[in-house]
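Letters A, B, C and D mark the chains in the order given here, with residues in each chain numbered from 1 onward.
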């Protein structure tokens, strides 16, 4: 759906990382973890295109505290990396946005008996919070959160409040274990061989490493990808990624916006 | 000069008319009435070009009430007519602007013994307030303010506080006399034949009528013009207007931005 | 006042209003059906179709530029058979003319494709892309050489009796010459413009941003060029013109009509606002009503010089 | 690290840094002297000069468009005699190379003007505008036909021994062919691009906004087209190129250099920020220092494909 939204709050949770809460119509609660929103930052041509962000959280204000009935909202967690996110970060309570949501295919929850392993790299953590909230209702959930340094480690307390066991690592060792999140994950898997499935979001090299791990350990694994997007609805073919059957002779392109952003790792070509 | 400025206040003084006060360096006090500023509304490419506005007022905060020393400021009075002014109107205290000021040639004060007749059409009133402030120090000043309807009549009390005698007229008679400001002016001049000089700012047809009146009554008369501008400093030749000697064979173009915006009416070609 | 008449006709294709969706920016219509009422727009122009499925270019395929975007999709498409099997059934359910945008890698492919499309009753007309700057095998040559263009147009003309629209490239010295060649070879109408060829560079990586190096520039940035070309062609000859390029609002659309366009296409705007085409059509109606204009056709070419 | 070397050379004109100001957007330098230090930029290119004073077009002459602007100044200028009498004296006091942009209404005028400029020691080089889209008597023909261009260039070449830069129009099918013709006829360097021809319309008045109907599109909107053309020409031949079109920042400038430009010109950006040229030059220095690049010349044509 397309809707007008009002910024409720927009808080810097770590240097250059913001968490923004905005109003959304009640139907937003049907969004599946892993789905995303496309935000039109300004009603002007600069920036021109919408910017995609994972859904970090959803909710409804309790009626006791507002006069406006049950106001639903959604949240994004974003990193300021360029013009669009810079402009977003300067918005205040009461400013307006135009939103498309929920878009794409989210995570499949899978067998509740499986332990759920979430792997987030940097701001890739964003869609994993809403996912953790859903998964934690029926399953045991662990989070492996990695970043380059301690500033990239976000909202760990929020995950812990859900009962999620968290494992933090940073490339430079400024917080948690020192090293890549995938190294920490691999170590954990070597020790704990129970049934589990993986859910990963982060930079492409990390996802590729996670897919490799899933393959070696024969685990179910879903990854959430990023791509430059224009339409967000599968029309422009700007955001495609190679599907498992892709070759120059037999093209098999998938739209990250529509067929994804979440894919089972086996469905993609990882070269 | 070029300077960064902070919005101090931005108030709607009449429907679609805003008065904005912004910080300026101390040198701004050297600006001559009739000079203008070019405002970069946003540090983005939409809108692309700066927007020109007359200087409505200048001043310095009294040191007793601030901790920041003697903060100088300038003010503009503007009408929301399109994209740039729309965006300006949404700015708040604390927002930033980039300003070029003071630009162009202002009004020549002339002989203090002359009575000063100010003629403003709509938002053309803007530069006349700062002018009236200066003129009222040494001369008798009258203001003829016209508009299409009562919403277009701005800040009359402010002029009266300076001791200016005001004559209001509207096309539809919703405030003051009914009819064109130039008709009211003409009537006044028929009755009062003392030495006087004219200072006019408003839409081109009004200025043309004022120039005609000045010619018939043989009065000194300065008009402040508008034109689409790009550079504001006489370089792009976008804002030119025909000078008195202009013909296709002997081009005589003047830059509104640099040779004006204020001209003695005889220096221009009024066809 | 009675409701203004928004209908226009392009070489026999009757449109309820002049607002169509531009090829490649609106998929096959269905992708946008959650966001607007497909029966409130003038026509749907489908993604550039080829004889066989086509993979398109490697990624990145798109990048934002100041006031516009570059794309180098490389005409990825499902091919005519899948189009008939998978896309047409939905389009058949929508009561809005469907115009198929097509291209060939060779002269023969253009003809063969046009023949196949000619047999489909759901297809209201053909829009032939001779202007796509991304495919080296043909597009660029047909679109910038009047003789080559005339050859394609002539062949397609002989292969179909459906209304034939030729989509022109702006990357030419003299668009009127191209227009003239196409009309003489049998085009019923002209769409202009396609994208301007452009490039974007990543300073830090020292690489072109698009995998294809260059791409097609679309969006508001190109509107002045598009308006100029529509006006030039409309001044030079009497052929129905479909104006395209940076149309974001009803005002933009009406400017193209004043310049001589009978209808318009909305492209990049669909990405900013998936309901753009409907909003623009409604805005045109509003404008006519507010200004006491009873028929949008009064505005076609009504520019005063 | 030592201060990076920003100097470049265009056919013998030594520039302290690669940032020049584009003709027509910077007057005769003096207009901007309150806003920047004219001795901190690479070169000043003066407003298009003709043999006799020229009135230019009626107004409106400029209008903002999405991400850009149209201008139809019509080459209003003071003429060579007033240039020598009124403008050169100031420029003589500035220790920065002055390149004179010139145009003629006829072939002969180009030659005569070049001869006169050849005699002025203050003039470091000539930039010949064969691409202005606003003057019907000549500009447009010379700029879009390779033979006509070669003729002008050849004549000017014989009329001056100063460095000869030819400024190309983007309104052509094949910019490389134009570039080739100019270089073969004796051009030392090429400036590209001039403005794209465009148009803007006032819906309510049903009139073109510019009195001249069409005008030249400049600003960020055209940057992708400019980058593409610089890259195409730099791939095709070994001639110093000056990149122009929508440069607003040091990043933009460096992208043009990666694409093959030896230097750049800043045009429309001067209107947004009268100190733009100096800011961009300083930004280039910063970039080099931060990235450990000792010489800006390393970046020329360093794009990896």
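Simple rule for what comes next: a contact is a pair of C-beta atoms (placed from the backbone, for glycine too) under 8 Å apart; a residue touches a chain by one contact, two chains touch by 3 or more.
Just so it is clear, the model here is predicted, and its values are computed rather than measured.
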Quickly list, by label, the chains bordering both chain A and chain C.
-> B, D
Chains sharing the largest count of C-beta contacts are C-D
If you average the Cα atoms per chain, which one ends up farthest from chain A?
-> B
Between chain B and chain C, centroid-to-centroid distance (C-alpha), Å | 47
Between chain B and chain D, centroid-to-centroid distance (C-alpha), Å | 36
Just how far, in Å, is the C-alpha centre of chain B from the one of chain A?
-> 53
For chain C and chain D, what's the span in angstrom between their mean Cα positions?
-> 34
Where in chain A do residues touch two or more other chains at once?
-> 45-46
So which stretches of chain C touch two or more other chains?
-> 66-68, 219-220, 248
Which residues of chain D touch chain C in their complex?
-> 65-68, 70, 144, 171-174, 196-201, 203, 205-208, 213-215, 217, 219-225, 227-228, 231, 246, 248, 251, 254-255, 258-259, 287, 302-305
For the complex, which residues does chain B have touching chain D?
-> 1-2, 40, 45-50, 98, 100, 227-241, 248, 251, 253, 258
The chain C residues in contact with chain B across the complex are 66-67
Complex interface listing, chain A residues touching chain D | 45-46
Report the residues of chain C in contact with chain A in the complex, numbered from low to high.
-> 24-27, 31-32, 34-35, 47, 53-56, 59-64, 66-69, 71, 73, 76, 219-220, 248, 268, 270-275
